[in-house]
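Naming follows writing order (A, B, C and D), and every chain is counted from residue 1.
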Amino acid sequence: MLYCGICGSDMHFYKDGEPEFVNLYPFIIGHEGSGEIVAVGDRVTHVQVGDRVAIEPGIPCRVCEWCTSGRYHLCDKMVFLSAPRANGVMREYISHPADLCHKLPDTVSAMEGALIEPLAVGMSAAAKSGIGLGHSAAILGAGCVGLLTMLSLRARGVTDITVVDLFANRLDKANELGATRVINAHGSDPAAEVRSAFRDLGPDYVFETAGSMHAAKQTVPMVKRGGKVVIIGNIVGQIPVDFQLATNKEVDILTNFRYHNVHPLAIGAVASGQIDLRNIVSRVYRFEQTPQAFEDCIEHRDTMVKAMLKIALDA
Amino acid sequence: MLYCGICGSDMHFYKDGEPEFVNLYPFIIGHEGSGEIVAVGDRVTHVQVGDRVAIEPGIPCRVCEWCTSGRYHLCDKMVFLSAPRANGVMREYISHPADLCHKLPDTVSAMEGALIEPLAVGMSAAAKSGIGLGHSAAILGAGCVGLLTMLSLRARGVTDITVVDLFANRLDKANELGATRVINAHGSDPAAEVRSAFRDLGPDYVFETAGSMHAAKQTVPMVKRGGKVVIIGNIVGQIPVDFQLATNKEVDILTNFRYHNVHPLAIGAVASGQIDLRNIVSRVYRFEQTPQAFEDCIEHRDTMVKAMLKIALDA
Amino acid sequence: MLYCGICGSDMHFYKDGEPEFVNLYPFIIGHEGSGEIVAVGDRVTHVQVGDRVAIEPGIPCRVCEWCTSGRYHLCDKMVFLSAPRANGVMREYISHPADLCHKLPDTVSAMEGALIEPLAVGMSAAAKSGIGLGHSAAILGAGCVGLLTMLSLRARGVTDITVVDLFANRLDKANELGATRVINAHGSDPAAEVRSAFRDLGPDYVFETAGSMHAAKQTVPMVKRGGKVVIIGNIVGQIPVDFQLATNKEVDILTNFRYHNVHPLAIGAVASGQIDLRNIVSRVYRFEQTPQAFEDCIEHRDTMVKAMLKIALDA
Amino acid sequence: MLYCGICGSDMHFYKDGEPEFVNLYPFIIGHEGSGEIVAVGDRVTHVQVGDRVAIEPGIPCRVCEWCTSGRYHLCDKMVFLSAPRANGVMREYISHPADLCHKLPDTVSAMEGALIEPLAVGMSAAAKSGIGLGHSAAILGAGCVGLLTMLSLRARGVTDITVVDLFANRLDKANELGATRVINAHGSDPAAEVRSAFRDLGPDYVFETAGSMHAAKQTVPMVKRGGKVVIIGNIVGQIPVDFQLATNKEVDILTNFRYHNVHPLAIGAVASGQIDLRNIVSRVYRFEQTPQAFEDCIEHRDTMVKAMLKIALDA
């Protein structure tokens, strides 16, 4: 392994533990990884020793109805690295199916390679939504997922993107990375504020990446008549939805779970320069600094967009 | 006008009034109508005097972005008969745009013609969902909209349909009209009961037509991994939705508002025998019995699937 | 193996041989088969010894970009039974991947099970085209593929189907199985004749199953403005297409290659009674009569819709 | 009117005439126009006197099945400016339906406004094809339509585009405007050359804009297994197509006719800087130089990408 990113779920596992995991300790977490090939099976031809790769961490069964129909991310026999009972990628060596090791071209760094996994979430949500050239969007939440969703939309030709968050420093980051405009949700009626930025009609799409009930409740009132809401964030609890309003506007609420068939596309978008991941990384830690990295992530949750672990010394 | 059906919204207007309407009284309601052409404009060629037609009651502006892109039902200048300020169809004569008067073939009766409008709602929801041959569905609610949705699914080749309701007589009606199986939602965990009827995976699609919070809450737990929920019913209030569950199953929640481009298709389905509307009608009233019809509808809400007014004496 | 159907490609292999096959002789052909499970691997749970199954004859690699995206029929490492170098199903025993053995319910006979494969071709073409309730279609060719396509369309709710062929007995068969109308293509302008059957506009879809240049040339002139042509038949040679006409009508020409993810759906459609395969079979031969079956197929090509081999004595 | 572009069909009308037009002379041609509003109807609100607009030249009937379903470009009562019997835009004043006059923002010049119409053709073909981020394409023909198609693909996030033409100066222009690579089709097997530029698999999409039989014949052999061919060019004559090859690769051949609902999107793409039209224009002529402009277009067909007429002196 070369690099590994720290995700919100990693922080949750580190800080709170997880009842399901107790009997598994010691357990290795991490699912955002890049590595260098040190050995390959006999029949592997698309990568060879020395190649750098991005790891797609979910291993599907290949034969169920979801796998054969192309939605392998929904496979109910999925083995997902760092989810019980499969150890994750925060380690020096890993054995992984060859077709889930996606070769990085020379123009994509190993650190960018480890960011392909979270980028794939944003690109998957963007692709599933159908958004593209000429559409408009609001993104709720300017954390790592929100920013990567914004970059994914821009790569698809979307130029009218409003980012909404409660923290000024996050909104500054969104501006830096290419938001058309930003809105601080502290106001009395953020949904109305957002709508007013889109000719009082609202945006064609609203992407919920904040994972908060407050944000989720705004989505249906905010979106344009006939538009779509896409839920990406992990929202705990029961969210009250006004379905009468949703139906009168014929708004659809889509959800996105992880990704499928996205890694090659994400690597291509980074290689071609359409998506620039470098400004996503807040700080790089050496592997032995892992505990410090986690402490920093937990303490500075609002300013730390993404912390990376450099696993191999010469990565 | 020949026939007119009584819809739940008509009952609401009749019984409760509507603040917006106060200054409009006297105001004519009704939007489920069929008629016979008594005069046509000079350039009208697709219908002539004497033809019987189904009335599509929404008149769109024709030129806005929703109209030109084929989603005219979302036109925000829509004039909808029986919604303020446009009088409805419970009257003897009406002037209506020719292209919204859909000719009935000889094999479709005037009474069936008046049922084309509510059928169009079910067919629209079915079409929007993408459901078809080989998919499975649960329909929540066995009222008029639920039953018409069931007939719409069957016409698209769906053969595995479970209908859920709280009333035995409604479920009997669903059985009579072709449900694969029915489930009474009085049990302790109706979502689990429905899932168990579909190999414990749940149905590919869940259509919510009951308009109740209780039913709406069951949709996400009930539907299959990767499946779709379609909201048709008019659900008042804030419905609690578990988006974490929805996202983990990647369930999409679609909504359906009225219909667009469906009337000719609905007439064709009735004419070809794929959809049989005759057993939907509970009772036919003469036009002068209208007050009685409304009283009966309100009093016998659970057994009255659809009451019809026969407006013309010789209809 | 229980039953096996004889396909046009089998006849071609039997009669003409195939240069690629010469070094493979003896070589077993046949790809339309049903069987009874006599042994299963340790981890197989969806079928057990004694179950009857339909064989899906193409074994994909499971890991290439086509396989993981759900279009495994395009896998370029596909091993297809009866195509070099994989022996086919006209034999008594076969070892085959478990997930490609699709269990038949009690209500589907072993003979019908062997017809699932050719049915899957028709159902795949129908599904890919997007045709459904309210659309109209012309089917060129009333051979086995044409008839199975017709049954597939009807199962999806299509009720307006015109079948075109040169032979009266084939058209009679199409009528018997549910064509709305039939047209003999011997006339001077069959495309105009077909269009006139659809309000002079032409059908929404034209399915080419005849595999003849003459038929293929008619498709673009025949189809409705904005409609779709679907090529299923195996058409040898260069077909002249008037792209100016196609573009002015904005007609799309789709092709269908085999099937993917269709077998369970096809079995379900037969089990539910939506598709009745029994009248497709012209004659059943005992396994030792195989040479006679081939001779009959070749000699009576126009009247023999489908010949079946009964491989197991007690099938 | 402010500006008008000269299209290939204009040249054809100018040079060869058109039998249908004879009885219409004098007849005004031109359909690529921008203008300044000098008067508006009472109920027009989206534009006012002094606004600059791009003209969408096709006036649909608004009520037929194509119009109400959003495919108004296929309306068979379409009145298209410069097609018999509707005079075109090469004149100083024109009366046109308000909703087909699309307002230009300050950042889009009147000359760019006249290029919105041909751009809409390329954007329509791109949108219809479904191409987007991560896909690859070959474009056959580097004339005006080919180049505008290329810009349309780039605006949708497509970064791997090979342009094919017979003329070096056109290929230079394609390179200047952003082609990933160019290939001169003079070689012995251009389809193989193109395929080899895409890992020997061929591009996901092939856009035929050259309007030549030679190019059209290459499309099916060139495109990737499972890919799509899109016909935009006006190809006279019968083009030989190998449907056996198309079916074995499951290649679909789509066609594109004009555009619908594209003008606002095209204006937005130019306004946001995603599409830069300025280098498309080869030369601007004053209105009184119109005959000279036509002569130049006809004589220098291969180097003149687009000639523009400046109709108003102060445009």
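Just so we're on the same page, a contact is a pair of C-beta atoms (placed from the backbone, for glycine too) under 8 Å apart; a residue touches a chain by one contact, two chains touch by 3 or more.
Please read these numbers as outputs of a predicted model, since none were measured by experiment.
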**Complete:** Ranking B-C and A-C by C-beta pairs in contact puts on top B-C
**Chain pair repeating B-D, as identified from A-C, A-D or A-B when over half of the contact pairs by residue number coincide** = A-C
**Prompt:** Once you find the CA centre of subunit C and the CA centre of subunit D, what distance in Å lies between them?
**Reply:** 40
**Message:** Suppose each chain is reduced to the average of its Cα coordinates; what separation in Å results between subunit B and subunit C?
**Reply:** 38
**Asked** What is the distance in Å between the mean C-alpha positions of subunit A and subunit C?
**Response** 43
**Item:** Of all residues in subunit D, the ones touching two or more other chains
**Value:** 71, 264
**Request:** Quick one: which bits of subunit D touch subunit B in the complex? Just the residue numbers, please.
**Result:** 62-65, 68-72, 97-99, 260-261, 264
**Complete:** subunit C contacts subunit B in the complex at 123, 127, 132-134, 155-157, 159-160, 264-265, 268-269, 272, 274
**Request:** Note which residues of subunit B are touching subunit A in the complex, please.
**Result:** 66, 71, 73-74, 76, 216, 225-226, 231-232, 234-244, 246-257
